[in-house]
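What follows is chain A paired twice: with chain B in the first complex and chain C in the second.
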Partner chain A sequence: MSYADTSRKRRWLLGAVGLVVAALIAIEVLFPANPFTGLAVVLLTLVTDPNYVGSVLRLTVPIAFAALGGIFAEKSGVINIGLEGLLIISAFTSIAVAATLGGGTPSQFDLWVAFGVAVLASVLFALLFAVVCIEYKADQIIAGLAVWLIALGLAPFASKVIWGQVNSPPIATLNDWTVPVLSEIPFFGPVLFDANPTVYMLLVAVAASWYTLNRTAFGRWIEASGENPKALDTVGVDVRKVRYAGVLLSGLFSGIGGAGLALGRVGQFIGGGTTMINGRGWIGITAYLFGNYNPLGAFGASFLFASLDALQIRLQQLGYSIPSELIGIIPYVTVVVVLAFVGRTQIPDAAGEHYDSGED
Partner chain B sequence: MSAAVYLEGITKRFPGVVANDEVDLEVEEGSIHALLGENGAGKTTLMNVLYGLYQPDGGTVHLDGEPREFETPRDAIDAGVGMIHQHFMLVDTLTTAENIVLGHEPRKWGGLAIDRVRADREVRELSRRYGFDVDPEARVENVSVGVQQRVEILKALYGGADVLILDEPTAVLTPQEVADLFEVFDELAAEDKTIIFITHKLGEAMEAADDITVLRNGKNVGTVDADATTREELAELMVGREVLLEADKEPADPGAVGLAVSDLRVTDDRGVEQVRGVDIDAREGEVFGIAGVDGNGQSELVEAVTGLRTPESGRVEIGGEDVTDRSRRERIDAGMAYIPEDRQERGLVMEFDLVENGLLGSQHTSEFAAGGRIDWEHTREHAEEIIAEYDVRPPNADAESASLSGGNQQKFIVGREFARDPDVIVASHPTRGVDVGSIEFIHDRLLDLRRAGKTVLLVSSKLDEVQQLSDRLGVMHEGELVDVVDPDRVTEEELGLLMAGETPEDAPSIADPPGGDR
Partner chain C sequence: MSGDDSTIGRALGGLVDASAIERILISLAALGLSVVVGAVVVLISGWVLSPCPSAPFATLGGLGEFCYNPIEVYWVLLKGAFGSTFNLATTLQETTLLLFTGLSVAVAFRAGMFNIGTQGQLVLGALGTGLSVLWVAPVVPAGLVGGVVLVAVGLLVGAAVGGFWGAIPGALKAYADANEVITTIMLNFVATGIAFTLVSEVFKDPGSQTVQTRFVPEYAQLPALVLGIDGFSMLALVGGLALAGLVYWVLRGTSFGYDLRTSGVQPDAAEYGGVDAKKTMVSSMALSGALGGVGGAVYVLMVAGQWQSGIPSLGFDGITVSILAGNNPIGVVPAALLFGALKGGSLVIEFDLAVPQQLVGVLRGLVILFVAMPEFFRMAGIRYGYGDDEPAVATDGGTPREGGADDGGDSE
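Now for the complex of A and B:
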């Protein structure tokens, strides 16, 4: 796609957004008593409320970590749609290990050990996926679905074995870290410097991912491996190794995301239905597609989707009854719109294709 | 002084074909060497052996007098051999500099980050040294094909290549870019780089190269000095002459126009115009031949005529009826049979047995599938009839097509196509890779159809074939039908000149078919 096409589509998008805003303003002016006014006021109060923004950031953690992981895997040429499964595995492992170590009241140290073990479990699962896809050339989509389905069955099953039910009993969570002085800054202080450690980890991971992808040789290899693996192979870089690294990074990040949700926010493993992860891995995929494989964009999209989720909860509390299912489909609708109509997302050319060195 | 590259008796076999048959090739350091030949002559195979992509079945690769064994391209690159493929090995989303240094990135901060300033500077210096105009910061997807090719050359040079192999480097370029590329060749040769480029265009070989080696059917048929040779000599070396097979042919009795093509323009997959305004009026009871060096638009012409490719403009008519916008199936129904040039790609489904392959193209007709259900019994009988009549061996309808030899596959395709009782037959290289006995058989069948008043369009790069079978012979060069000649009176030299794009003085041109008014 040429640059001109892209910019034209961007103008279209801007135009469409402008039109909607103009229509809303017109409604406000012409019909002062319309039901939207109250809603607009509520929204305005919410987005300026540090508590709300802080809780959105916490909700962003699992989505954005899954998205970062997905970026590394897919940019290297291996589409990992098993992110949801990796989140489930690490969420379960973290709670199980923490509960084993400290019973109902694990110490902060126990929680951090559990965190590490959970990340390791997710990486091992990702390694399995990588071996199946890279070594045995399994279809990546099917293997990814398998990762999800296995996790979806295994975690509640193990819960039953350990606790006799699919849900674990509640346990303590990771304490927030308050940065002295900086946390006193109005609005930004409470949001950014009086937060859960997993939020700090996310902010560091986003910056580090961007730097790795854009400024290091490894980042260029990841890009080449997904766009034109043969070009990389012929200059002497082992495509297999680069792809392994990409997939293992997706395991690492998903592990942090899953354990971050379980130990940083919920303090329990919930194994019923779609489990406590509840589609956040899938939303992570939509987030990085929406963000066009850019860690910053993916973080922004994750934040947006998380804020919709938090908003829906708040509105329900305030008595507005918007079905949560309706809010839940917004990320997916967005990604379809973005992929189909905006066309800004450029999927790596060789994503999903096996690569055989020496094949002509 | 020993040669920079010396290939000694290279033999490379693939199942069923000998792609290189004891080929010798010697290239001096700092010289530009053209490897000339038709498609399938074994040029690319030979270079892939030098580049380590293929292991030869016999013979030795020598670099600077030392025998070398390359198991992978990596080994060849390390030994200073770089290859620029027809399809560039570039990462579109990276900048030109990032592509050039890929895998050899200069680092800073203890290897953590790419030293982009140094990378850009080194690329600029390298680029300036050879007179290239490459912007290190431009993204590859935003630069022209010509620049992308330079990026590929720079990439090879940055990786330390002394020998550069280019596979059909001009195929994707505009004439101006071709001229620039040849200047680049001279600059590189002046720096003692050795260049081998593959081409099937003899004009380019003569213009750009110091020496030219011609391959035909996997054999080196001669190495000539580019300044001392002529186009005719090269054309003859390329096309060659095979044993003349006598075909009985009575004078033509042409009738109405069976297949008409007017002002047809066709572009290939890359958007390059390959057929540039071709007019053909093949008549009933006539074989209209098309000769030419491969790659001059014949494939695209045939695809447009048969409905496999949509032409940019122009008309195709069968028996006076405009079929330009008709689908492939509608053209089959209109009475057009097609013998494709690549039988394994287009003629047969290799995993199907002959019963199933015999049905292809007729699967929708009431004869084989009345009411939407395939009549397998009738289909089997049909395949068995083809096998018996066209002497397909082994005579086993249940055999998978892949298990048959090339000649028998071809006979089966010919049988299937002729069994449609077509009015128009488009035969594209109908005897390529077929044994002598089958060639004669296929020729006889084509002449039978001519006798029965059918229209035959025959495309072939075998001169003896088109000359013997055709009643009129069109010669294609760079997408144009340069002349239509009388095959009985045209000489080999005249054909060679026409195929090279030149107009000989007394070529026996004929606009109308012989017979009727002569």
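Now for the complex of A and C:
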């Protein structure tokens, strides 16, 4: 597909958005009693409410970390659709370790140890996935699916062994960190400088990921490993090592995301149905596709999707009876629509393919 | 051509191409390895559980107690699956449902597409079935005749709704080049959300607290023939087996099946040979979705008697079944029986041995993981002198594809 074709599709997309906005304005002019204005006012008060934005940022943590991980893996040429599974593994491990260490009442130190162990567990799982894909040339989609399904079975299984039921008892969560002076700044203070440590980690990780991918040699290797592994091989960089690094980074980030949700926000492991992760890994994938493999874009999309989650809770508190399941599907519909308009021209050329240097 | 297209096509082509014997060996080896790893999981979980509630199975000095005996767990699992009439009914009920979802995934796979969306097609198909039967029921006579009409209507509507929902990702791939792996995953969530909202807002059973429709009439539910246990009807199982044969025949013996398979293995060659690849994509995904929708219809008409929230993950299990079966419609039958038996036995290991039934979920994931890495078995075979070192056919595609030369992925 040519570049011109893509830009034409993007123009269509912009046109469609413009039409919707125009239609809303027309409704407002013609029918002053419509519910949209009221909704818009509510939205406007919400986005200027530091409490709301702060809670959205906390909800963004697991989604955006999964998205960052997915970017590194896929850019290096390994499509990791097992992100959801990595989130589940680290969420479960973090709670299991914290509860064991503290005997039910873990200290902040115990929580941080558990956080580290959970990230390690996620990285080990990602390593398993990497070995299977890179050494044994497994089909990446099927292997990623397997990672998700194994986690989906293993976490509730282990929960039942440890706690006798699929849910853990509740435990404490990580305390917020307040930066003196800066947290006094109106709006930005409470949002950015009086937040959960996982939120700080996310902001740092987004910036670091962007810098790594765009300004460092390693970032160029990752890019080349996914776009043109042969060229990378020719200049003497081991494609396998770069791909291992990409997948392990996805394990690292997903580990932080899963433990961040469990220890930073919920304080419990919930293992019934789709578990407490509840599709956040999949939304992470949609976020980086929506953000076009750019960490900043992926963060923006994650924030947007997380805000829908928080919005629906707020709207219900305010008495708007919008079915929550319907709002819940918005991220998924968005991605399908975006894919329909933009296709998938941005996917790295060699992603999903095994690379064989032909040396051994 | 974008990289992703050839990737999935290549992987699927490889899986389809591997010879039948090789496929069966790989599936059996994957199964065996899953059982071994599963046994280790059982051992470790028994160690984590210690001190044991009853006498430990083994005590190793220094290491502590191991509560579960893996061999006993597997034995009880197997015995539980077929031991009593009731357990057998559970096993065959699950087998029947997995036949439909397994066939659904297999058809799409054969056409070169990875339909992860069978779950969504099943959920919406089930809703279509439940609602259509409820709507038609007042105008047909009660009793056998009415029952036959209602079941036929339910199956047709289920297939139509599932087929429509399946055709969407097919059309998106054909005409907008949107990756079907992503769209089908997303459409699963959309389907569940739509069905839940429709039922909770519009079609909810007024006499119930939970989100579910009213029950379809008793005479519209498939009769519990042969075993006499509610929730399993031999009619559905026989229908499912016949459908497996039919799908096999359609794929092997009809020109549509030929078009479908060639587009799956060699899309460019198929196009060159006069196959309308875009149309084939849409119709094969519609067929796949229709099979998933029939699975939903059978779930409503045989198991639940209504649409209810929290439909089990039959669609995802269908992926496991199809992958284990090498995407062969006939192979789907033993694979469905195996996972049906695991389901039937899982309830018994939890009841008798206190081993969590989620063990079966772990085994399911392991099977998929190991089937996905045939290269592992090939390497192991070569190392121990059983195999020959023929080039890999299974995952990196033995057949070079047109336009694939610039992918850079294969250097030979």
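Throughout what follows, the second predicted complex is superposed on the first by the 343 of 360 C-alpha atoms of A that agree within 3 Å, B and C clash if a C-alpha of one lies under 4 Å from a C-alpha of the other, contacts with A are read in each partner's own complex, and residues count from 1 in each chain.
Following the convention adopted for this analysis, a contact is a pair of C-beta atoms (placed from the backbone, for glycine too) under 8 Å apart; a residue touches a chain by one contact, two chains touch by 3 or more.
Being a predicted model, the structure only gives us computed values, none of them experimental.
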| item | value |
| --- | --- |
| Partner chain in contact with A:Ile162 - chain B first, chain C second, else both or neither | second |
| Which superposed partner A:Ile81 touches (first chain B, second chain C, both, neither) | second |
| Contacts of A:Ala26 with chain B and chain C, given as first, second, both or neither | neither |
| A:Val335 touches, of chain B and chain C: first, second, both or neither? | second |
| Contacts of A:Ala207 with chain B and chain C, given as first, second, both or neither | neither |
| Touching partner for A:Ile185 - first (chain B), second (chain C), both, neither | neither |
| First, second, both or neither for A:Arg215, with chain B first and chain C second | first |
| First, second, both or neither for A:Lys230, with chain B first and chain C second | both |
| Superposition-derived comparison: chain B or chain C, residues of chain A touched | C |
| Touching partner for A:Lys137 - first (chain B), second (chain C), both, neither | second |
| Contacts on chain A seen with chain B and repeated with chain C across the two complexes | 228, 230-231, 349, 357-358 |
| Footprint of chain B on chain A - complex, ascending | 3, 215-217, 220-221, 223-224, 227-228, 230-232, 234-237, 346, 349, 357-358, 360 |
| Touch list for chain C against partner chain A, complex | 2-4, 6-8, 10-11, 14-15, 41, 45, 48-49, 114, 116, 172, 176-179, 181-183, 185-187, 189-190, 192-194, 196-197, 200-201, 310, 316, 319-320, 323, 356, 358-366, 368-369, 371-373, 375-376, 379, 392, 395-396, 407-412 |
| Chain A residues within the chain C interface of the complex | 1, 79, 81, 132, 136-143, 145-154, 156-158, 160-162, 166, 228-231, 233, 273, 279, 282, 285-286, 289, 323, 325-326, 328-329, 332-333, 335-336, 339-341, 343-345, 347-358 |
| Of all residues in chain B, those that touch chain A in their complex | 48, 53, 72-74, 77, 89-94, 98-99, 102-105, 107, 112-114, 116, 142, 155, 159 |
